[in-house]
Amino acid sequence: MLHRRGLLAAGALGGAALVASPLARPALAQAAPVRIGMITSLSGPGAYLGQDIRDGFLLAIEQGGGKLGGTPVALLVEDDGLKPGQGKQIAERFVGNEKIRLLTGIVFSNVLGAVLPDVLDAGAVYASPNASPSNFAGRDCHRNYWSIAWQNDSLHESAGQAAQNLGHKRMFLLAANYQAGRDAIAGFRRMYKGEVLGEIYTRLDQTDYAAELARIRAARPDAVYQFHPGGLGIAFLRQYAQAGLAELVPQVVAAPSMDSTTLAAVGEAALGMTVGSHWNSDFDVPASRAFVAAFRAKYDRLPTYYAQQGFDTALAIGGAFRNGGADLADTEAFRKGMLKADFASTRGRFRFGPNQHPVQDWFMLKVERGADGKPALVTKAKILSDHGDAYAAQCRL
Amino acid sequence: MAEPLLAVRGLVKRFGGLLATDHLDLAVLPGELHALIGPNGAGKSTAIAQITGTLRPDAGSIRLAGEEIVPLHAAARVHRGMARTFQITQLLGDDTARDNVALAVQARLGHSFRFWRDARRDPALAAPAEALLDQVGLPESRRALPVADLSHGERKQIELAAALAAAPRLLLLDEPMAGLGAAESLRMTETLRGLKGRIGMLLVEHDMEAVFALADRISVLVYGRCIATGTADEIRRDPAVIAAYLSDEEGV
Amino acid sequence: MALLLEQLLNGLQLGVMLFLLAAGLTLVFGIMGVINLAQGSLYMVGAFAGAALAARTGSATLSLLGGIAAAAAVGMAMELAVLRRLYRRGHLDQVLATFGMILFLNQAMTMLAGRQPLFVAVPPALEGAVEIIPGVPYPVYRLAIIAVGILVAAGLWLLIQRTRLGMLVRAGATNREMVRALGVDIRLLYTLVFGLGALLAGLAGVMAGPVFSVQVGMGEQILITTFVVVVIGGIGSVRGAFAGAMLVGLVDTLLRAFLPDLLRGAIGGPDADALAGGLASMGIYLLMAIVLLVRPRGLFPAHA
Amino acid sequence: MREHPARERAALLLLLAAAALLPFLATALGSPATVPLASRIVIYGIAAASLNLILGHGGLVSFGHAAFYGLGGYTVGILYAHLAPGDPFLGLIPGSNQLAVTLPAALLVGGLGAAAIGALSLRTSGVQFIMITLAFAQMLYFLFASLSAYGGDDGLSVRRPNLLGPLNLRDPATMYWVALGALALWLAFQRRLVRSRFGRVLEGIRQNEARVVASGIRPYPYKLAAFVIAGMGAALAGALMVNAMRFVSPDMLHWTKSGELMVMVILGGIGTLLGPVLGALALVVLETGLTALTENWQVVLGPILVVVVLFSQGGLAALFRRRPASDAPGAAGGRLPRLLSWRRRHG
């Protein structure tokens, strides 16, 4: 008899835990602000990206006095640990149990791919502050899906355009061997028309690039384009400079390979690099100057473009709220409000294309010694104007 | 003389520079109880390991009823009719005596790729296992306990029962008396005596009383070589054996 | 020819780095029979402590000493608090407990040092490059890594072959009871050996600072490669760890260096690059599979 | 002599019936996200139970079980990917979103993968085995991360409904019931397996390989068969998980996933029938609860794992026993419910 009791106890316990755990969260809905769910990567490699997105978003809410576009908001943040499964689980809880209608925050495309279908199927809205893979910009675009950052390819197209403008004839390309790496090289080649001496795909768990650097040296290209996000890029850049290549072969890269955090970690080794980006902390735009100052005052560090995207995403949502979209039960009203792009973007000109992805200008930055003697990213020239993305044509909304 | 059941010829095993088995020749006749004795470090365990197949010889041949068995896996040798017991019993400690013996019965019955039927409720396994435990004299009351909780002597009995489950022609017994009390030792001696004539046995044992009481023939191993083979009386009188044992402090 | 020489040197340097991590792992396994997944975390601790000290004091020496001291201290604390209770348990428990420790140490480091990767400068004395192969400047810092690695290997060899501690270590690897019978405080010996393993991991971490990226998670990135080294070399054998590290370093580097061109010659086009990338990624795992097929206990098994 | 199969079976069926009521309970309590969460627990339960077959019953510490979990998942994902455009896989195998097609395919692929990896890995033992299984899983991880045709690192979405005859698995409750049914079938199968002659051999290998050999049984083929069966179980779980998540990515094959599966088995109780399911429940609830509480959840989870390993011999399942392990010898393994009872780990 005993063991049956034991079993039933186990079952009861399991059932109770199942039902109780999602409910254990304290109810936050007393003042009835609009609740926004943020799923982002706060642990694992690339955790600083999620942190910056969150901090930028929070800064916008703080500046609005707890409101976005005049509507009180409450932000719920959870860590997806860069695991698609975990991200999806959080989304289910946000949408299913908490009845949250607006989500944001995801850093990485693989997490987005897992989360987005559920969110959209549940009729909720997702505003992307970073990852914007091609399928959701084209074939699978959706009325409730917004990208406030860029379509992934644009980053690398801007680098390709920069290399083209700089007149490099023979280039060597490297990228980490995963989907984003392949997309990066494809995006780069869309704009770059010169000769490609070699394409190398490096391992995702690789830490030492000596073999690749020796090949670059042997090939003697005019310039190198490489895509290694986060820590991979830091290791690559350090080793590139230590091998004496920095003086010989200049690099042209996209923003993910050289943001201000990477720059701080790499230091002098980055001097002379050219970077394609949609924003930089030295932008002479009032909204940008104010943002950078406020961010430095609050967090005591220079904002990366991730922080800027988090900030702009919050502003864009505020714009939609201000223009009649504050009731998220009516996503069409939110959409109409959002489409106006009625907010002072830190990057200056900003509008949404037909696939609800940004149409914006792209710039060439260069790493130079700043006034304080430390390397800094300096904006040099506009290289693309009103640049949308290659997938908008496939999108039928 | 009949064809030997086990014929070891020119067996060699080296460990680094040490010659642990030095061109060993040995023959066990059908139904014979053949004792293998020798001082500590003489290479008895090494020889047993090569015969049972847990150690690969460097050279030489081992034939079981005329068949060369050196290339065979230890388990395959069991199917050819060679079972063994261990100096330190090797049993399934969480399982009962019945389970331990039943596993050996099941091995004899063929492959065990049977996924459905409850093995513990299978009379084809249980009945022979009980009979074997009867044969070695393990009391009924001790058969449903995990063997880790049984005495040393009882475990030796179970291991013998498991070895007999293979229906062996040749039984290799590695110090079956070691660590047994006087009464247990006596019972083991009686059990082995009962097997004589039906099953050939190669007995490694330090208990000389038991060896001289049981053995039909005795081989003496010193430094990996067989220095003498003969009946108990012959061995007792053999000058080489006396010399070897006198130089060793253990004595006979 | 110069390119081949340069790539060989690169392979050697990677091998040396791997050896420092593998030596600790294999020592700890050989003597205590413990499989320590958190070895990579100790490497991370060394790198972070070294980076923090370098940033605060600007002294490369202090950074080096502090880094290895921090790793050794964390390692010994880990041994005292957790691993000591696991020596008699199965590998499964050890794998799980050290897996838990990885989670803890990674997150604790995130809380302490933040999520941003840290900057570490090359010590001024080791900046620049020298032409040891005509026409190919090679970074001095990498040469220094090779030198340190070979010195450590020699030092370990002396320690194990020539000292009383080394004697105990060798004896402990073959027969624990015997060491206990010698009246040695085996618990202290274990803590010390674990500390030594942690120290080596810390040393690797500090040296990796200026070359690799100092960030949370850096340990796991290299841990699995280290496992491959240890398995190929033969678990428990320092000599094996050295041979395995060199083999893995060279095979990995040479595959990455020359496979793409070979494949381009054979099949051509961008497919060749992608295929080469994939094959080079799997190279060391294939190497391990082949070694284990031929010698299931590795190249230099410790307990023959 | 020890268990009462009829009573045990009745208890299990009752438990199953109780678990089947969960979607109604969740709806009543206004917590619909609990249903997919429960599906995930149930599916992890299958994966952990399959690992338990080799880990708990065979004593084979495989650190690469996620490889087969991922293979099963990718089988479903890839078959689906070939359904939409209508071009067959390798020009031969048409795509599908029918569970009746994709599940057996996943089992087949998982089994073949396990046969290949197992055949090589099982030549080693001990720590070598742990590490070589880990390395093979990593190899597959990198393979899938670079397979651009199937999304590479970004993974593959499964957007259209997955069908099981007339059932649409997009409905969370349907998905849950299908997963629960699969778990029940798998556990029933494994329960029989463990008690069969094959299971006896496996159990023997765990306790003392020398005894098995001395009995005249070559362990290798049995280990390999168990490895393959466990691989198929993991593939089944992976396939169901992709149906539940509607998404597959290399994340499923990552080495930390193998680690999590091991944690589930240990946490719940190694070598028991329901232990791994309890472990899956505990780990998922713990992770979910902790991530909701603090972003530094790993700093809490890590020590919990360490403490569980250090102090709880037998995992959660041991909590449901009447007496501690230091029982009189006569009681050990005797009257205890076999479903959750903890055996001495080292014979």
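Each chain carries a letter (A, B, C and D) given by its place in the written order, and its residues are counted from 1.
Just so we're on the same page, a residue touches a chain if its C-beta (ideal position, glycine included) is under 8 Å from a C-beta of that chain, and two chains touch if they have at least 3 such contacts.
These are the chains along with the protein names UniProt gives them: A = ABC transporter substrate-binding protein; B = ATP-binding cassette domain-containing protein; C, D = Branched-chain amino acid ABC transporter permease.
For clarity, every value in this text was computed on a predicted model and none was experimentally measured.
Asker: Once the contact rule is applied, which chains count as partners of both chain C and chain D?
Answerer: Common neighbours, chain C/chain D: A.
Asker: Find the chain most remote from chain C, comparing centres computed as mean CA coordinates.
Answerer: Of all chains, B has its centre farthest from that of chain C.
Asker: Per-chain Cα mean versus the mean over all protein Cα atoms: which chain has them closest together?
Answerer: When every chain is reduced to its C-alpha mean, the one closest to the whole-protein mean is D.
Asker: Could you tell me the distance, in whole angstrom, between the mean C-alpha positions of chain A and chain D?
Answerer: Centre separation, chain A to chain D: 35 Å.
Asker: Per the centroid of Cα atoms for each chain, what is the distance between chain B and chain C, given in Å?
Answerer: Each chain's C-alpha centroid was found; their separation is 47 Å.
Asker: So what's the Cα centroid distance for chain B and chain D, whole Å?
Answerer: So the centroids are 42 Å from each other.
Asker: Could you work out how far the Cα centre of chain A sits from that of chain B, in whole Å?
Answerer: 71
Asker: By the touch rule stated above, which residues of chain C touch at least two different other chains?
Answerer: Expected reply: 106-107, 110, 224, 274, 277-278, 281.
Asker: Enumerate the residues of chain D that touch no fewer than two other chains.
Answerer: 142, 146, 148, 297-298
Asker: Return the residues of chain A touching two or more other chains; collapse runs of consecutive numbers into ranges.
Answerer: Within chain A, the residues that touch at least two other chains are 42-43, 177, 182, 201, 203-205.
Asker: Could you list each pair of chains that touch, in label order?
Answerer: A-C, A-D, B-D, C-D
Asker: Using the touch rule from the top, collect the residues of chain D that touch chain B in their complex.
Answerer: 1, 192-193, 195-201, 203-204, 207-208, 210-219, 222, 225, 329-330, 332-333, 343-344, 347
Asker: Under the definition above, what is the set of chain D residues touching chain C in their complex?
Answerer: The contact residues of chain D facing chain C are 55, 61, 63, 120, 123-124, 126-128, 130-132, 134-136, 138-139, 142-143, 146, 148, 255, 259, 262-263, 266, 270, 296-299, 301-306, 308-310, 345-346.
Asker: With touch defined as at the start, can you tell me which chain C residues reach chain A in the complex?
Answerer: By the definition above, chain C touches chain A via 3, 6-7, 10-11, 13-14, 17, 106-107, 110, 114-119, 121-122, 128-129, 136-139, 141-142, 208, 210-218, 221-222, 224-225, 253-254, 256-257, 260, 270, 273-274, 276-278, 280-281.
Asker: Applying the document's contact rule, which stretches of chain A touch chain D when the two form their complex?
Answerer: Per the stated touch rule, the residues are 2-4, 6-12, 14-15, 17-19, 21-25, 42-43, 77-79, 81, 83-86, 88-90, 92-93, 95-97, 109-110, 113-114, 117-118, 133, 135, 140, 177-180, 182, 201, 203-205.
Asker: For the complex, which residues does chain D have touching chain A?
Answerer: 7-8, 10-12, 14-15, 18-19, 22, 25-26, 29-34, 36-38, 40-41, 142, 145-146, 148, 151-157, 159, 241, 245-247, 249, 251-252, 274, 278, 281, 285, 287-289, 291-292, 295, 297-298, 320-322, 336-337, 339-340
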